[in-house]
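In what follows, chain A forms one complex with chain B and a second complex with chain C.
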Partner chain A sequence: MLGAATASYRGRICVRGISAIPAFIISRILQAIPVLLIVGFIAFALFAFVGDPVNIMLGTSYTEADRVRMTHELGLDQPFLVQYIKFIWAVLHGEFGVSYRLARPVSSLIAERLPATAELSLAAALFAMLVGIPAGVYTGIYRNAFTSRVFMVLSLVGVSLPTFLIGILLILVFSVLLGWLPSYGRGTTVAIGGWTTGLLTVSGLKALVLPAITLGLFQMTLIMRLVRAEMLEVLRSDYIKFARARGLTNRAIYFGHALKNTLVPVITVAGLQLGGIVAFSIVTETVFQWPGMGLLLVQSIQVGDIPVMSTYLLLVAVLFVIINLIVDMLYFAVDPRLRVGRAR
Partner chain B sequence: MRALDSDLVYNFRRSPIAIISTLIVVICVGAAALAPLIAPYNPFDLASLNLMDSMIPPAFLPDGTAAHLLGTDNQGRDLVSAMMYGGRISLIIGLSAVVFATIVGILVGLTAGYAGGAVDAVLMRIADVQLTFPAILIALLVSGVVGVALPPSLHEKLEVYVLIFAIGISRWPQFARTVRSSTMVERGRDYVLAARVIGLSGPRIVLTHILPNAWGPVVVIATINIGGSILDEATLSFLGVGLPATQPSLGTLIRIGNDYLYSGEWWITIFPGVALAALVLSINLLGDWLRDAVNPRLR
Partner chain C sequence: MSALLDVQDLSVDFPTRRGRLHALDRVSLSIQPGEILGVVGESGAGKSLTGAAIIGLLEPPGVIVGGQVSLEGRRIDKLPPEQMRRIRGRQIGAVFQDPLTTLNPLYTVGRQLVETMQTHLGLSDRDAKARAVQWLVDVGIPGAAERVDAYPHEFSGGMRQRVVIALALCAEPKLVIADEPTTALDVSIQAQVIALLRRLAREHGTAVLLVTHDMGVIAETCDRVAVMYAGRVIEVGSVAAVVHRPSHPYTEGLMASIPALRARVDRLAQIDGAMPRLNAIPPGCAYNPRCPKVFERCRHDRPNLMPAKETQAACWLYAEGAVHG
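After this line comes the complex of A and B, so read on.
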């Protein structure tokens, strides 16, 4: 039912918006470039000016000769502009410097940890959407039912509880008291190429449950409240009254007419919240000692490991720019009014 | 304005949620503000701490004592007192961060909205760039970077200000955008023209004439941001980049207690956690109620 509705939408996009979409995408990509340049500059400035990497890497006992040699090895004795160009050049080649703390290339550190964060974030996002949207529709339609009120109160609690506290409570209940699920780590992982996945083993899947719920709960409640609010708004509108007057079934009205129109803001928020999920994966990974990029970042911040911090900043910026781009395009695809406005 | 006030009061008296949350907020703020006067112990007084007193369970458990109603933590600090002082730090940082964000946001918004043109474009572009990133990530990175930039000897002393700065700087764009849009509306009004005609300077017009008329939405946004700021502080402290264990906020207490969750000393984490959740939940509920009361159509 829902599938059919979106399919017919896609059909129309191709007909009407065919010339508008490329121009729109290009303008968005052009807008993204300054963002990346600014963030790139900040990342470099961190690299070049904050802290003293030589001190951090040498530890407590060193000679002046060690110091000079290290400064030279890190390229810190060169002029600012040379360092900046070298930095950009290296970044474009996927080289992000060497971690002060672990004395290993940041690129390989990140590559090792990326799968863990990606799987966790994806699981959390799926949880948020698959529970949040139906719950929102339900509470929107049966707004005064007892179960709706329970959902709303729970959602408010979910929004108000900090992520780390939710994680701690889940650990306390499901790991410490009940002993059902593991409280830290990824369980057994399987390596496929360079990607380690926890999705193929039972212990890996079990380990994913609590972190994914912890991370996705806030977004779930947010999506639910948003869908509910939009449903309430839409159900009051004239075209819904008209649809009722035409004698359409409730199902057709709720899912064919109402839900479809609530999806525009939901897509925006869900897309932007993907950024939130990535940000809060830092917290969740710390609570569950999940070996991902977030945990790496926190450990790096605690000791002032600038290369890891600036790399993380760069990667996240690229990721968010891509997310925003996709959200804009989806927005465009779902809302015909936007298309008409831009096409003119 | 009077009518609106009495409407609010009427609504308030009929809403049990609003009354209960106000009560909780008042209790939390009161306990935090009066901590030095009413807390049973001083958790910062190292001389009074005794490791023999550490890990005492709450009074209602078999090994608990009435001397420590909610038990003690790993260093023998009385949890009731530590939570009162911790809540004090959490509230101070959360509120100061919102004030800081409001001031920065108002200044940027007024400048961008009144000046227009290139100034506006640059300032709003910066705000846009920052809005692409979640606030907590910015706060985390800023506090991390400032932490590296500061000499270690100053860390403990300045950590509170670092947190206020980091959280505040992560939240200003929202304020700036709102203020900018109302400034742009007000800029074209006759009274601004009149002020300009009598020769008032730009800053004077903006601060004394436009700002009072752009004030309304700012207050609402500030209220909404208080809960979030308190949570940000708790999160940063939980991650270990916030306040040190010698100066614990609620978040720090939760982090300390988290290490003892598995060995059965759950109270060190759970009580500060419940206090934090109750405080933020009440603030959010009050905010929700206020928004509904001011704008009945959304109800």
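After this line comes the complex of A and C, so read on.
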């Protein structure tokens, strides 16, 4: 009987360690397919319902024959479903169409703009987590301390003020009044392969500071408040009392036992918020004239450049699906209870 | 005779908006090295609070307002937090009530054992891991060498309480405070866990302060018993004396209310009334409104522990020159 128990235990370790996670990932990817098809449909529908591409491309002087020819060339005289399938097919092959405004392939436009947005988002996300998590832990532990109250009031400001206002205020203080940091652009960039980076030059790094803080401030305060609330909850738990009764150091209790137990909800919210950082960097990029995808989108919306808009929509959808997948995998890494729960 | 733990007149208050509540009122206890002292009483009598106050883990806003706690002759109730932390686990271990919630769900039991031992004993990773496995063997976990890398949720309640006992003992403390260690367990498991605790305490020479409301556990396990009522210790003595020949009327009532298998009775014996709330403790003896042997002095003067038959009891029946009873 003992042998059987041990054997089943070994079996469970196997399931838990090796086969459970890939199976889970595959099921998640399969779930993502319908989501992406629906978003693809909306992106495709933009072409049909927002303006008439033939009109936009023909300009002002054309004959009816020109119009029919172009409609046929673009394949717009085919049935709706055929057009949709062709669209998905093209997207799967990396063909996102040609920008009406700039007459260049959207894929290369996005590729040019991607590094700027990626670096800005990454910097904002790092700022949000590296400041938000420790601040949340601190205000959770010393909830009545004066500094905690200051943090909480400041975080309220961060949550309530709109992004553009924070950006403008930061520009006013640090660019106009103090003159420490540039107010717009990426500074000097260096090209490595197809990737232009601002992280390797002083002016590039200086240019990154204000936009990153502006973009990450809301997420920072949100993460801080979430970590604080979770810490308050976890610190009341029996296993924290027992950890104290075992004489563990405060450091081990707060940053080992308590923080790790706050992580599951924090990962959920932080993951979605980081997706939001990338998707909605539009406002920050506009305020700081940051040459990223958000700025490209705003410029495209102004002239009704639908291929760019629909591609952006698809990209954001893919991004959210990927982030959700990563979040789900992080749950597995953090909480052992999920692993066995799945395996059974 | 030097006691391992000596608690003298320990008082704990909870300041509230409507005044201070005296949760513990001049509680005195002592434990000899290797001794098992049971603490019994109804819910809210202050049993668990006494344990928490001794290891310096009172929940705010509870504060120690009087008395002292000494471990091997050294006062520990006013130590700075860092020194008190070094005593917890290393000198005084603790076992909590509910094993389902006392283990951190995100760490393997091995890791929790290892970190406890490394915090107090400065062991290498390898030694600590080897000792962790040995502790799991000692507390009777089958397949300990593999189970050391398992998470708490992979154990049953009884097995988890065994792990908790290993955690309480692994830094070799001289005293373990076990706060209702079997209350949350299945009845069939309770006896095993108590037997384990008693065996390990004997083997390691560890003294145990066993908080419980289960008289059966007390009778089987303890050397001496303290009975608490409304935040006070009202009787202390050897197990045999307190269980079979109690002196205090409350203890008499408590023992009489334990149903016996052999006796056929229509109604179970009970003590009328309920223990007073902390904000309504009557003057004099806290038990006087319920006491069948109450007399005038009980309503005005508070009795302290005094020699009574074979035990020490806080009861005016045993005052010198008393003619009552």
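The rule is short, and it goes like this: the second predicted complex is superposed on the first by the 308 of 344 C-alpha atoms of A that agree within 3 Å, B and C clash if a C-alpha of one lies under 4 Å from a C-alpha of the other, contacts with A are read in each partner's own complex, and residues count from 1 in each chain.
The working rule: a residue touches a chain if its C-beta (ideal position, glycine included) is under 8 Å from a C-beta of that chain, and two chains touch if they have at least 3 such contacts.
If you're wondering where the values come from, they're calculated on a predicted model, not measured in any experiment.
In the superposition on chain A, contact is made by A:Thr163 with chain B only, not with chain C. Legend: residue contacts after superposition of the two complexes on their common chain; A:Pro265 is shown touching neither chain B nor chain C.
When the two structures are aligned on the shared chain, A:Leu248 is found in touch with chain C, with no touch to chain B. Comparing chain B with chain C, more residues of chain A are touched by B. Residues 125-126, 128-129, 132-134, 136-137, 140-141, 143-145, 147-149, 227, 231, 234-235, 238-241, 254, 258, 261-262, 266, 269-270, 273, 276-277, 280-281, 284-285, 288, 298 of chain B touch chain A in their complex. On chain C, the positions that touch chain A within their shared complex are 55, 57, 85-90, 93-94, 96, 98, 101-108, 115-116, 119-120, 142-143, 146-147, 150-151, 153-154, 164, 167-168, 171. Against chain B, the residues of chain A that register as touching in their complex are 34-35, 38-39, 46, 50-51, 156-157, 159-165, 168-169, 171-172, 176, 183, 229, 275-276, 278-280, 282-283, 286-287, 297-298, 300-302, 304, 306, 309, 313, 316-317, 320-321, 324. Within the complex formed with chain C, the residues of chain A that make contact are 2, 5-6, 9-10, 12, 237-239, 241-250, 252, 256-257, 260-261, 334-337, 340.
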